[in-house]
Structure formats: structure tokens, C-alpha cells
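A, B and C are the chain letters, set down in written order, and residue numbers restart from 1 in every chain.
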Amino acid sequence: MNNGTHLPASNEPGTLYRNPGGRRKRHAIDRLMNFVCCGSTALLALMVALVLYYVAAEGLASISWKFLVHLPRPVGVPGGGMGNGILGSIIMVLMGSALGISVGVPVGIYLAEYGNGNTGNSIRFLTEVMNGIPTIVSGVVVYWLVVVPMHTFSAYAGAIALAIIMLPLVSRATEVAVRQVPQSWREASIALGATPARTIWSVVTPGARTGIITGALLAVARIAGETAPLLFTSFGNDVQWPTHLGMATAGLPLQIFVYAMSPYSEWKSQAWAGAFVLVMGLLLLNVVVRAFAGRSAISMQG
Amino acid sequence: MTTAQDPSKTRRRRVLPGGLSTGQRFHLFEWTLVAFAFSIVLVTVLTLFILFKGAWPAIVRYGPAFVVHQYWDPVSEHFGALTYIFGTIVTSALALLFSVGVSICAALYLAEMAPRWLRAPFSFVVELLAAVPSVVYGLWGLLVMAPWLYRYIESPLNSLFPRFPLFGGTPRATSLFTAGVLLAIMISPFITAVSRDVILSASRTLKEGSIGLGATHWEAIWTLILPASSRGIFGAVVLGLGRAMGETMAVTMVVGNTPQIKASLFAPGYTLGSVLVNEFTEASIPIYLSALMELGLLLFAVSVLMNAAARILVGRMAR
Amino acid sequence: MSRQETSAPSSAARGSKIEVQNLSLWYGKTRALENISIAIPAHEITALIGPSGCGKSSFLRCVNRMNDLIENVRIEGKVCVNGEDIYAKSVDLIALRRQVGMVFQRPNPFPMSVFDNVAYGPRIHGRRNRVELQEIVQRSLDAAVLWDEVKDKLSSPAMSLSGGQQQRLCIARLLAVEPDVLLMDEPCSALDPVSTFKIEELMLGLKEKYSILLVTHNMFQASRVSNFTGFFLSGELVEFGKTEELFEKPRDKRTDDYVRGRFG
């Protein structure tokens, strides 16, 4: 109780708390932190703007139709392009996506429908482990698995490396989408006598369709920009178009990398052009995803 | 639908909140799904197997001293990972240093302080940061940011404080410092997004209770919301660290690729990922390749550990 | 009987703690409060009753400007506490909220110890002295009729208390910052009857020092504890007056229907 030390009697409410100076300071701190946090966000926005600006400015300066359809030419010879890289990327991304999606979606479905036991949890854990594997390590692994036995670099190897990266992304997106399908739908289907297989095929998967497609497209966007997996698998090719899938194949990110690191300003310009094409492609993909899913949904976990 | 009471089948019965309750034996369809699921196991096991198999000769030959030796010389067959471990640690630490404050403040702003009409656009911007491919960051970093940093930060600091070990020596545009800054930019969207989600899920009633008592918004954040989110935010930071360590291409393009350990941040360096990029296809002798594989194994282990730790800290909430 | 207070602020303003004139509130395009005018007397317990969704909680939240936390809210009209318009530009929100405290429907103790919960308010407002804080905490817990139950476990987590204790803790937390007015938004709706009883007793004891505005969906509670009652319906203040008169001889038919349970 109040033993009358240095506290005023508290019959008058609020006597302890009249301190306008203190309050001003608290408001000032509040405003300051608001400013700091706003500034931080603005700083991040500035960074993105800077990157995209330079890609656009430098890229547009160097790009031409020739760039898109020509093979690389030696330094000093005008008119070279990254046509084979663009084509190679498209091929490998398509193949990798086909593989990654066709394996990733069933895994996701499994985890969502049957994955609550120990087995499921272990597999889910491993999926997340896979997600954390650095892409270059995946490239090294596929090198040993595919390139060495085949005695050649190939688009197959590149695609497989990309598929490995895609797998956990697609799986997670699928699992999330399938888990959001209302349980009552499954129950209704089973109650009508359908087998689980039929239920999944006809009821659950269609219901999760949007989420699955969104997740798949985002994963595609992710692997389209990957370089490290291609380094030791498709290896890159400076001289020819991909005539068959079992040869060293150029990839756009890979060519950008090589050209950027070169000492030739001509090639550096082409690197910008390549980056521009790559970013444009990704933006396009993102627009498609947005239109499809109705909101920007680039996964942070990618 | 029957629910089997047979004990031999009960362990297969699943009563799932979000799935199919089947007391029945699995038929072909289910087994197919399981087979697909095991592909994950297959891939992970294969990865580990190949890494170990490739690294084994080097592991046997150099032992644990591998991680503390600095010397990396294919000619004399002396291999030590210290240089690259140093480079990876320094660049990642710098990345965290530069990124954490900004990222968490940005997360706070997006989750709590921004006016509603600003949240979506700013969030989109942060997501854009994550969508830029690594090689594009590398290109921009090399051709735009590195010269700028050299001119406006490294050289001035170097001339002002030449004796200070971190700023000393001869500064280069491609350096540990540059790599650290670039990595900071690259990992911020991840730290920001995960932190933002964690903060958003902190209870609204906490905020109401404290503001109802007369706290300012910032005071409510500082005394209640941040402490409640601290575990998740820490997890976000660990996630960022893991990504920084695993990031290869952009770092390779700006770190200078010089195998050395110097005190100066402005000196070029070399990271685990970068040496793999540059030397993997050049490895002429088996033991050389094996040493590189051991580096890959190290990189794998570190990244996976960080990722796992982050998941545990952040929990299932991380999307 | 003397004439009842009507819904317009009357010359009994002298005794009013809170005076509201023509208050209207919109959530986006939806109008939640229509021209509310009411005078809440000091040192009394005033109850606001009405069916759910009728706006009484929204009204309550206007008095300490908690509605400011919600986006897309528009407010017109005047709310005066102790004669000062709280929506004036110069009003310091943190001083207002200290002065006008709120107890919420679900107890929301902070994830800290009992002591830290009660000391939270004083600390925020600048009290750091350990001895002083101890006295404040004890005094507040005592006033909330919780001291005897928790005096031996001040450092245990607030979450370990029962629901009723948690709510009294939230009240103690409020009292620690020495408010004038206590706004109570259905404080007992998440509690069992015994706890409810204890809190009602507490309210009756508190009105000596504080003015209490209580929102409740429980008419019996209103008739038990309050001296004045206002009946809200669809965002309007239908009737306001002394509790016994509102319940026994309401002037408006809608009030009559409601208190007789013809709808709700």
C-alpha cells in the first residue's frame, strides 16, 4: 500500500502522468522510426529500380533483331547474337519444367493427402533440404550422373539439373494448394463411393488447379534465370545451334555470365542485351502468373 | 467406405484434417504417388552419395586439416579450403551486416506502419528484388555497382584510413566488400518477406492492448510485437545467411576471384562457390577434382544446415 | 420521478464526463453510427445495450479513438471528455488513451509476467523507479481485487492465470496508469459466471473513483450494475436514461420490445 514515501496521493487520477515533454519525445521517436522504416523500404525500392533501369538502358542500347537470331561471332566481327542461347534456354527450360512438374505435382499431392505421418514428414523435410541445396551443387551432381556416363555435355543434363531445382518448389506449391481444397469436397466424393484415386483425380486436383499452375509457373520463372546448374551440364556452346539434345548447349544466363566476365566491351554490351531479354521474359511470365492468379505471387521461398 | 479395425492395417489408417481418410490398403494409385514421393528421397540420397564419393579421396588424404589449410595448389597437390571458407564467411557476414537492419525495418514498415495503399506496391517491389536472376545481379554488380563503390566508398575510405586493417591495402572494384554489398541486396527480399509474415501474424490484440494503454505505435512495436516475433525474425535472418552462403554466380562476378586471405575488405577474395565455378571444368587431376568435390560438400552441408535451422525457427508459417 | 435524461445533451452536462454530439461513423461506405448524442455522467456506471451489430462497440471505440487504428473509418461529430473535444487536432492520443482506458472482450494479457503486465503502462509513460513500480503494481492489483490471488506469483506468466483472473489483470493494468474513464467492451462475455460476478462487484467498487462506460449484450448485467443505460439499435441511440426507468417504463416501443426479449 501507499506508505507515503515519495508518491503523491492518487485520489486525483492521472497525477503521476502529467509530463508533456516526455510525451513529445515519445511522439518524436515514433515519427523518427516511421521515417527510418519508410526509408529502408524506399532504399530497397531504389535498388530494384537501379538494377532494372540499367538493364533496360544498357540492354536496349545493344539489342537488335540480329541479336535474337544470330549465333555468337568472334570479337571484332559485327552482328553476333545470343540466338542459340535463347533457343537453348527455351528448350532446356521446357524439358526441365516438364520433368520437374510431372514429378513435383504428384509429390505435392502425396504430401498433402497422405503426408501427415512419419513417412510424410520425413519426405517433406527432405524436400525442404533439397530446396536449400545450392544450385551449383546440383549442377555438379548431375555432371556425375548424366554428363560423365554420356561422355558429353547435353541439353538433357541441363534440363535434369533444372528439374532438380524445380522439384521442391513445385512440390511445396502443390501441397499448399491441395491442402486448401475443402475437406468437405473429399468427404462428399468418398461418400458417393468414389475411390481416393478418383477423388484426387476428379475433385481435389481440379480444385487446386490455380494454386498448382501458379506455383509451377513461378518455379519455371525461377529456373529460367539459373546459371550455375548449366555450367557443368549443358556447358554452353559458342558456335552452333542446338541440333540435337545430346550436345553441349548454350543457355542464355550462361552466355550472359561468360560475356559479362570477358574483357571485351562488345561482349559486355551483348551481356546487357541478353540480360534485358532474360528479364523481359521473366516479366512476361510474371504478368501471365498475375493475370492467372489475380495477384502478384512470386514465392519468397524460391 | 470401411475403416478396417484389423491391427495389421491400422498403421496405414490415416485420419487427416486435410486429406483422405482411408482405412483401406493402398492400391496402385496410392503406391504410384508414394513412388513419386520417394523420388525426393532418391535425389537427396544420390546427391549426398555423389558428393561423398567424389570427395572421399580428398577427405581421406587431407583429413580435417583440409578446412584450416590455406594453400591451394594443384601442381604440388596441396589443397586446403581455408581461403574459400574465409571468403564465404566474410562475404556472407558483410551481407548480413548490411542487409539485416534495412530488411527488418522494411518488414516492419510493410507489416505495420505503411498506409494501406502503399503496402501492395511496396510489397511488389520487394518481390521484384527476389525475382531478378543471379546472373543479372552479377552483371549489374560488376559493371555498375563495383566501379561506383570503388570510386565513392572504397577509395575514399582507403585514403582516409590507410592504416585501418579493414580499409587498408590496395582497394579493388571487385572485392569482398563489393560481393558483400551485392549479396546484401540479393538476400534482403527474403529476410524482409519472411519477417513481414512473422510480424503480421503477431497478435493484433497485443497491439490493441498496448495502444489502449497509451503507448505510441512504435512503443507497441518495440515492446511487444518485435519481441513476440523475434524467433521468426531470427529464422528469417538465418535463411538470409544460408542464401548468402549458397549464392554463387553473382558473387563470382564481383568478388575478384583471387585466392588470398587479407585483412582488408577491399581486397579481392574467393568463395567456395566461386572456385567451383571457375575450376571445376579445369580440374586436370583426380585429386584436384576430389578436393573441389569436398568444397562442394562443405557448401552443401552449410547451406542445408542453415536452411533447416531457418525452417525450424520460422515454423510452418513460412510459405 | 424527476424527468429522465433525453438523448440530447441536457443541462445536466455539469455532471457529464463524456459528452457526445451528433456523432456519426462510417466504415468505408457503411454507416455504423447515426447522429449519436449522449451525455455520460461522471462516477457512474453507464451501460450500453442492444443487439449485436448495433454499433455499441463502435461507439465505445470512438471515445478513446481506437477506431483510428482501422483504415477507411470516417467520423463526424464531437466527442468531449472532461469538456475537451478529443477529435481536435491538438489532442495527444497517448495522453487520451491513458486517461480513457479500455477493457476488451477477450482478456489480452501480454506475454510477460503478472508484474510486468501491470507495470507495462507506467513504464511506457516514463516510470522507471523499481520501488515506485512495485507500489503502483500492488495498488493496482489491489484495486482490481486480484492482489491476494497473485501476490505470491507476481513473476509467473500472465497466461497462467485463469480467464477471470486475466481479465482482472487487464483491469489492473489499466488502473496502473490512473485513468479517469474506464471503457468496458463486453468484459465478461468470455468468462464464467463466477468470474463475471467478481468483475461486476469490482465495477461497482470502481465507480467511486472512475466513470465507467460498459457495453454489454447481457441486459441483466446492465440492470445489475448500471445506473444509466443507453439502448442502441442499428447505429442509433434509441433511448437513454436511468436504468430502472429504461427497463420498467421505456419510452420507445423498440426499447420495450428489446428489454422484453421480443427480439435480440
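FYI, contacts are C-beta pairs under 8 Å (C-beta built on N, C-alpha and C of every residue); 3 or more make two chains touch, one makes a residue touch a chain.
Everything numeric in this text was worked out from a predicted model, so none of it was measured.
Visitor: So which chain is farthest from subunit A, going by the mean of the CA atoms in each chain?
Guide: Of all the other chains, the one whose centre lies farthest from subunit A is C.
Visitor: Of the chain pairs A-B and B-C, which one is connected by the greater count of C-beta contacts?
Guide: A-B
Visitor: Roughly how far is subunit A from subunit C, centre to centre by C-alpha average, rounded to an integer in Å?
Guide: 50
Visitor: Can you check how far apart subunit A and subunit B are, centre to centre, with Cα atoms defining each centre and the answer in Å?
Guide: Computed from C-alpha means, the inter-chain centre distance equals 14 Å.
Visitor: Please compute the C-alpha centroid of subunit B, do the same for subunit C, then give the distance between them in whole Å.
Guide: Distance between chain centres: 49 Å.
Visitor: At least two other chains touched by the same residue of subunit A: list those residues.
Guide: In subunit A, residues 26-27 touch at least two other chains, as defined above.
Visitor: Mind pulling the subunit B residues that touch 2 or more other chains?
Guide: 216, 219
Visitor: Among the residues of subunit C, which ones contact at least 2 other chains?
Guide: In subunit C, 94-95, 98-99, 125, 177 touch at least two other chains.
Visitor: Considering only the defined contacts, which subunit A positions touch subunit C in the complex?
Guide: Spelled out, the residues of subunit A in touch with subunit C are 1-3, 5-7, 10-11, 13-17, 19-20, 22-23, 26-27.
Visitor: Give every residue of subunit B touching subunit A within the complex, in rising order.
Guide: Per the touch definition, subunit B meets subunit A at residues 1, 14, 16-22, 24, 27-30, 32-34, 36-41, 43-44, 46-47, 50-51, 54, 101-103, 105-106, 108-110, 113-114, 122-140, 142-144, 185, 188-190, 192-194, 216-219, 221, 242, 245-249, 253, 273, 276-277, 280-281, 293, 296, 299-300, 303-304, 306-308, 311, 318-319.
Visitor: Could you list, by residue number, the parts of subunit B that touch subunit C in their complex?
Guide: Within the complex, subunit B touches subunit C at residues 115-116, 203, 205-216, 219, 223-224, 227-228.
Visitor: Using the touch rule from the top, collect the residues of subunit A that touch subunit B in their complex.
Guide: My answer: residues 26-27, 29-30, 33-34, 36-41, 43-45, 47-48, 50-52, 54-55, 58, 103, 106-107, 109-117, 123, 125-138, 140-141, 143-145, 164, 167-168, 171, 176, 178-179, 183, 186, 190-191, 195-197, 199-200, 221, 224-228, 231-232, 235, 253, 256-257, 260-261, 268, 271-272, 275, 278-279, 282, 286, 296, 298-302.
Visitor: Going by the contact rule set out above, which residues of subunit C touch subunit A in the complex?
Guide: These residues of subunit C touch subunit A: 92, 94-95, 98-99, 122, 125-127, 131-132, 135-136, 138-139, 142, 177-180, 209-210.
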